[in-house]
Amino acid sequence: MGIEALLPLLLVLPMAGFLITALIGRRLGKQAHWIPVGVIFLAWIVAMLAVWNVLTGAAPLLPGSEDTHGYVVGPWEWIPAGGFHVELGILVDPLTACLLIVVTTIGLLVHVYSIGYMSHDPGYWRFFAYLNLFMFSMLLLVLADNWLVVFVAWELVGLSSYLLIGFWYRKRSAALAAKKAFIVNRVGDVGFAVGIMAIFLNTGTLNVRESIEILINPTLVAFPIPVPLVALLVFAGAMGKSAQFPLHVWLPDAMEGPTPVSALIHAATMVNAGVYLVARANPLFAAAPSTMVVVAAIGIFTAILAASIAMTQTDIKRVLAYSTLSQLGYMFAALGVGAFTAAIFHLMTHGFFKGLLFLGSGSVIHAVHEEQDMRRMGGLARKIPITYATMLVGSVAIAGIPPLAGFFSKDEILGEAFKFGFLWVWAVGLFVALLTAFYMFRLMGLTFWGTFRGPREIWDRIHESPAVMTVPLILLAIPSVLLGIALGLPFGDSTIHRWLEPVFHHATEMLALPHEAYALFGIDGGLILASVTVAVIGVVLAWRYFGVELGGLRLPARPELVRETSARPGLSFLYRASLNKWWFDELNHLLFIVIGGRLAQAIWWFDREVIDGTVNGIGSSTISVGRGLRRVQTGRVQNYALGIALGLIVMAGSYLLLAGNGG
Amino acid sequence: MRAKLPQIIFALLIMGAVLGIAALLVVVLRQDWEDALLWILGVVLLGAGLLVVTMRDIIRCGLAMIVCFLALAGIYVLMGVPLLGAAQVIVYIGAISVLVLFAIMLTQTKDAPSRLVFQTQAGPAAIAAVVVAILIALAVGATDWHEVARRARLNTSEMARVLFEQFVFPFEIVSVLLLAAVIGGVFLAKREPGGPS
Amino acid sequence: MSDSLDTYLILSGILFAIGTFGFLARRNAISMLMSIELMLNAVNLAIVAFGLFGPRSDAIAQGAVFALMVMAVAAAEATVGLAIVIAIYRNKKTPLVDEYDSMRQ
Amino acid sequence: MNGADLSAISPLIAAVLTAAAVLIVDLVRPGRSGPAVATALIGLAITAFVTIQVGMGAPTAFNGTYKVDALSTFLDILFISIVAMTIVFAPDYLLPRNLPIAEFATVLIFAMSGAMLIAGSADLLLLFLGLELMVLPGYLLAGYHKTDSYSTEGAIKYFLLGSFSSAIFLFGVAFIWGLTGTTLINSADPAQPGVAQALASVVAGTEPLSAGLAIGLAFLTTGVAFKIAAVPFHYWTPDAYQGSPTPITGYLSVGPKIGAFALILRLFVEALGPLAEWWLPVMIVLAGLTMTLGNLVALTQDNVKRMLAYSSIAHTGYMLVGLAAYAGGQVLGLEGLLFYGAAYTFMNLGAFAVVSAVQKRTGVTSSLETFSGLVRREPGLTILMTLFLLSLVGIPPLAGFWAKAYVILAAVQAGGSLTVLAVLVVLNAAAAAFYYLRVVVYMWMRDPVTDAPPLTHGALMWGGLATATVLTLVFGLFPSVFEIVQHAAAAISTLPGGG
Amino acid sequence: MTSPFGILTVVTFLPLVGALVVAILPSRWTRPVALAFALAAWVVSLMMLIGYLPNRAGSQFLFLEAYDWIPIFGIQYKLGVDGMSAALVVLTTTLTWICILASWVPIQTRIKEYMISFLVLEVGLIGVFLALDLFLFYIFWEIVLVPMYLIIGIWGGANRIYSTIKFVLYTLVGSLLMLVAILATAFAYQSATGSWTGAFDLVALRAHVQTVGFAPALQVGAFLAFFLAFAIKVPMFPFHTWLPDAHTDAPTAGSVILAGVLLKLGAYGFLRFALPLYPDAAHTFAPTIIVLSLIAIIYGAIVALVQPDLKRLVAYSSVSHMGFVTLGTFVFTEQGIQGAILQMINHGLITGGLFLLVGIIYERTHDRTIAKMGGLAARMPLWAATLGFFVFASAGLPGLSGFVGEFLSLVGTFVVNPPAAAVATLGMILAAGYLLYMYGRVVFGEVSDFIVGLGGHITDMTPVEILTLVPLATLIVVFGLQPGLLLTLVQGSVVDTIGAVRDGVPLPIGTEVVVIGLGLIIVLVVVRTISAAMSSRSERTGVMTEGGGAH
């Protein structure tokens, strides 16, 4: 009973927090965080209650379903446009529950962290207002049971992302990054919007569950819009929000925003929305295997592309951003091969450890006085030990070293890709795992180990962040360590699989994936061994180039080796490509600013000169005809008279003609 | 005078030709003497008309116009409407021509006759006039006017009856018209005390 | 020849054309006025001629009266015209109409 | 001549007597404008009264050569209004220029009697005389500012060309007379058919029109086209209008024009109605040419009077559309023509009245610059001028709009090539908006070029303007106006084409 | 209604009374009296709306007032209201008082004429929405022209005379042709029924269309004339070039009312007159119009991207946004027409707000060049936030009203023509592009030198300015969250319009006509482009030459 009644609070609370803070936050000054943090805390409690009930099966069965537990609340009417009827309803099923865990928990921790991180910012209240707005939007996104409402939330998270990236609006780069994020997202959104229309056209409803049931109903084969196309359009939306190639360009730039924002939005929650969307629409994709291949291909390509770029970036947040891209690529690859559960699993684990890493990087940046360039860091482990420790946990987790969280989820992706026959996905993924381990420990080496390369006076003033920042780090480190064990075990019948099986079993059946018993000492064990091996290789390689100071294990950083390797003939091109992010920004600049701008200018010229010119030309030529005719009026009577006489003659001639023709 | 000799000879030649043709009409073609007279008067009418529009000296033009009007009066008499001929003489020669000559006197400046008699468009004007003439002539020739045999002369009482019974209203209107013209004409021609001389 | 309507009409037409020519070609306002008189005379000739050959019994009288009226109108016109000529001559000091072109276009 | 005849022409007599009375009053009180204007207006009021009284009876006089019907009554009243308003507007312009009112009013009323004569004529000779009586005073009036070279130049151009066209017209009349043997237009007596009956029997056969008739038609068409200032016989209009004293320009742009249209109605519609088949195409072409050329040239004018002169040409074109629609078989066309004439009268006279009021200060030209920032100096006049100009554009609900709508409706109804003409009308109306609104631009949106103090205008002026304004505003709003027009149009009972 | 004149007459002519009162009273009363009458009209319009709601039933027009006016042609004074017109009337009355309020301080010269113009304008606008007689409709339609002409021409910007003349001439060409079409339609009715009675009556004409129908030739001709008139007003590509000029040079309130209501006249005309009266012709030309709408959406947005002037940018965005209206209208689906109507109203609110905001900054800087702005968020935070709100509303952010209309028209299009809808959605991307570009340049970044140079003039919004924007923002949110309010209001009109136009059959148009027409257009465009490229000199100011010279 009660939980249903509480669920709307998940939306109402953050919205209320946003409105209140927006209206009176300025007056609250440095106390402005109480309301936003409070409402998110309350929302977290509600969410946890709901999640517990849903995942433990305490919640009732969903209407029309035999095995899925969850809640449906509402609906409330939104657009009653005759045949086009949109209602807002809340749906909490296991999938939503998984997302709720990530969103509310990390959201809460980021809120708390921000109290410290943003404490000196004049826009303190504004920041929290935006955060609450984001939380509202994100929760709406995962809770909504209607495609159009999802789309609404989709756009709203885009808006909050825009506001938060551009939070430091005086920075031109921040403003530009915000704009870029919104517009690139819009590109994907438009695909999604068309997809929604296609869904409506095909099914006549926009309710998520109803429409999917109709879409995958094998008795209805002749849809106006082919199902693969619909799936592709929905995927377009996912690509935008989750920054998949080629719409990935906005995410690294989004690091212009304050670091808590990067952690919350651009690592842990919003960028996962695409994954969530595809997972939510899993039967739709399952009904369109061709689209699935596209999803997998784009995912794995993004993974390797982003990983390759992350190898050489020097901005600590950008490394993490590209890492996020890469990990999102993994998730899409998982979705594409049909490993929906693995994707969600990785989403959750990644949410925690990437959130941790970002918050940690924020702590680092804070410590070194807003410096983000790792070339001016080094040896920070001694100065900021808590940050160091938690980030190390995160790095190990993302590198896929057992038994931390990342190992379980990543391994599951790679394993399932292999088992489902997507060897190429597996192979590339494995290589990406190596790169991941490498660039993460490159980051660790450059930041925490070795000697400080920045100015001396800064070194002296470096200190650990306040508890309000470090406690969230610690709290995030815990799931980074344990989540894999908690959800990923036992192998073959893990908790997460049991949770999500009701959501995905339909799709799995449709895809007719091979389902073999788990063989720890067979193929699966081999796969684990392979991924662990590459991870270790990556870590070791990173140690060799960038040093390590781990207990007794101490290696110096060897910049000369880096230079030498990067100058090696076969590698120098790759190095430059990586450094320049494969020139995507340049390409986009060329396409949209140079060529697009020229085109727009040309069209404007066309508008002025050809269209308006024609209009004005009609006007001015009319007037010049008038000027010409005016000359007939010479002022001389005889000329006039001659004109009259000629007129008389012409008229006589025409009358004679008319008369001859008998009228 | 010597210089004008060729012109005089030319004029005499034309007169001779006209009279000669008239005589020919009567004698050889056995036409009515009326025809001969009509021929002569017609030639005079048109010739004088041509002189009116072509002569350099405007006073001579005015005189030629009087000749022209006289010829027309003669034709009216020939046509059997002598009263109209009389009116023609009285109105056109007695009133209008005098008025015109008077105006000519008033407006002649010292350097007149002016440098050019004709407009630059005299050529096109001539062509237009010829075309008009041809058009009228062709139309006249090509049309059946349903005419009857030509009537005898119109006697004065008949004309008076028509004028004062059938056309009494137009007659009154003409008087109003003349009154209006006179009032306005007097106003316009009157010299203003302060106006230009 | 004098029994034919066409004779008179053609005579009238030619006189009309002569008047037209004069009106179109002459520069002097009074010359143009005289040309108009020629044209009106031409019309009068036609009117009388039509009366002479018209089918109605009273045609000749009607034609004559018609012509008489036209003469009166011509007189009125001449009055007005000459008054205007005199008035403009005072202003412009020239009787040449083609120099009256201060208003054009 | 008997009592019935006299009573039929009593409006004309009243008009002539009014003219005479003005002259006499001027002799008694020389140079005083007040009594002259008062006499003229009283006389005109009496004339109007008599006209309406006579119009009730619809008599015929002088053996059918003159008739009073609803059409002639309508037109007579219109002419009387035109002249009365002109007399009301004139003193503001004439008096500062030392021009006498009395002669002006006299000559104007003579012209009016000419127009009234045309309206009631059923005889070719009377029509010609009426025409002359209407236009001869017009020549005089154009040159009324006899010390002004523009005025006299306009007058002589008007006179010379007008006389030329009269001669042409008369030649055409002679041809018709010669062909039909009568000057009477309609006759009930089959033994003595009128012009219309004779021509009807001519075209009854299948034979083509005789050359003489064609030439006669050409001469007649040229003559009337000149009088209404249809292109390409319009050349006199701009010069005569620009040169004339402004109130007289106002009169010239409506009085002789509507008079000439009355001539067309009596001559072409009634007498030459049987030949409508032949003259209709010519009228259509004339209409198209007239409105288009008038508007095109008006676009480039920098002098308001000259611009209004060209615009007046364009309005002739619109009226010709009504005529053409009528000739094409739609009685709406005739109604539209009459309505247009009346509506045009008030708005155009109003516009000219404002121009002449602005020109009250001597030496002020009618160039556009004069109107710069007029709203600052003369807000009242500016608002009224704007109203008149908008009406000329054809903005609803002003009179000009209804007029255009009327003729367009008629043209659309007639169909065929007249639909094209209707489209041409609206395209022209749109182009015309440019030059009318240009004046509005100068008046409202520019700064004044002079700092001359505003002028005061007499009650007479304001009264006249108020009348014109009210009529412009409400002309189309009352159904009774349409009924009057319908009634007047019904006086010509048969459609020319329908026979 | 017992009184001789119903509420519709009152709401229509109340502003006229106001104009007369303003004219009579001395100048110091002008502003309050004008505002009072505008508010009074607003209240009456709300009463009308409230009275309408419980009584609405299907397509029925309510509060009908019909009096014979010119009986010999069947012209009536006939007013009536349905959901669509009720919504638009209330939009008009609301925007009018907002405009008057927004002009309170900026307009200091000839305030009396200004207010009179605005009130007369309101009469015309309301009349257009309420008239059920074609002739009456046309009269109101033209009445709108004059005050707008004065408003732009007298109180406008640098190039105001050129712009206002262009506006009037452009509109006049279309509307006069529409007059011919109206008369032709009436005559066709008259000749079919033998009576003028009802010849201009929309209801009677529609009944006639349902039973007998008009001849194809008339339909095509009249529809094209109506189309031209309405397309110019909307404005549809390629008849849009008057709009940027008019907007740029109009005073703020003029732009608001122009974008807010005047542009809606065309769309309203399509829905109320052109579609129901000539359904076959509408179907015949629908593909062309859809293509033009798509071009307008994309083209307007692209051109907006490179506009250096704030107002021009918003103006071109209007071209783009109104493209959705025409698109939704001419797909003849329920959602399409719903979307079109909603988009009309929402565009009025949003673009009205944008122009108000631009006007606020122009008041302070006397400049609208985007390049000169920057960092206004620091100087005018409230203004910046409000601008952000309207920018996102304009960009179609869900939750705000702009989204619903746009999306509905897209859905309506998608149902019958998926590719068209897909193309149209590109407009949403571009909208985000130009709006955020503008927003970023103006509001974000360091405070520009230009703004710094103006120093203390740059103050945040005044209470009056806030007051003008609050109603708009409120309505945007309300309609965004509860579009049902509007949708149920206009549902009757939608069903009615759909019912009237659905059964239209495309008339056969010879391929050769299409080919020749297309060929001509292409040749014309190519020739014009080449010649324009050759003489890169702009003829922009060539039309309005300086007058001068005496006689």
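Labels for the chains are A, B, C, D and E, by order of writing; each one numbers its residues from 1.
Simple rule for what comes next: a contact is a pair of C-beta atoms (placed from the backbone, for glycine too) under 8 Å apart; a residue touches a chain by one contact, two chains touch by 3 or more.
Not measured: the values here are computed from a predicted model.
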item	value
Given chain A and chain D, the chains that contact each of them	B, C, E
Chain occupying the most central position, where position means C-alpha average	E
Label of the chain whose CA centroid is most distant from the centroid of chain C	A
Maximum inter-chain contact count - chain pair	B-C
Reference chain B; chain at largest CA-centroid distance	A
Interchain centroid distance [CA atoms averaged], chain A/chain C, Å	97
Chain B and chain C, separation of their C-alpha mean positions in angstrom	8
Between chain B and chain D, centroid-to-centroid distance (C-alpha), Å	34
Mean-CA-position distance for chain B and chain A (Å)	104
Residues within chain D bordering two or more other chains	125, 129, 132, 136, 139-140, 143, 146-147, 150, 156-157, 160, 164, 168, 178, 181, 210-211, 213-215, 238-239, 242, 306, 431, 434
Sequence positions of chain C contacting 2 or more other chains	16, 19-20, 23-27, 29, 32-33, 49-50, 54-55, 59, 62-63, 69, 73, 76-77, 80, 83-85, 87, 90-91, 97-98, 100, 102-104
Touching two or more other chains - residue numbers and ranges from chain E	169, 551
Chains touching one another, given as label pairs in label order	A-B, A-C, A-D, A-E, B-C, B-D, C-D, D-E
Parts of chain D lying in touch with chain A, wherever the complex brings them together	156-157, 160-161, 164-165, 168, 203, 206-211, 213-215, 217-219, 221-222, 225-226, 232-233, 235-236, 238-239, 277-278, 281-282, 293, 295-300, 431, 434
Touching residues (chain side chain C, partner chain B) in the complex	1-3, 5-22, 24-31, 33-35, 37-38, 41, 44-45, 48-55, 58-65, 67-69, 71-80, 82-87, 89-91, 93-96, 98
Chain B residues touching chain C - in the complex, by the definition given at the top	25, 31-32, 34-35, 38-39, 42, 45-46, 49-50, 52-53, 58, 61-62, 65, 68-69, 72, 75-76, 78-81, 83-84, 87-88, 91-92, 95-96, 99-100, 102-104, 106-109, 112, 114, 116-119, 121-122, 124-126, 128-130, 132-133, 136-137, 140-141, 145-151, 154, 158-159, 161-163, 166-167, 170-171, 174, 177-178, 180-182, 184-189, 191, 195-197
Chain C-facing residues of chain D, complex	125, 128-129, 132, 136, 139-140, 143, 146-150, 152-157, 159-160, 163-164, 166-168, 170-171, 174-175, 177-178, 181-183, 192, 238-239, 242-243, 306
In the complex, chain D residues that touch chain B	1, 5, 9, 16, 19, 23, 61-63, 65-66, 98, 100, 103, 106-107, 110-111, 113-114, 117, 123, 125-126, 129-130, 132-133, 136-137, 139-141, 143-144, 146-147, 178-179, 181, 210-215
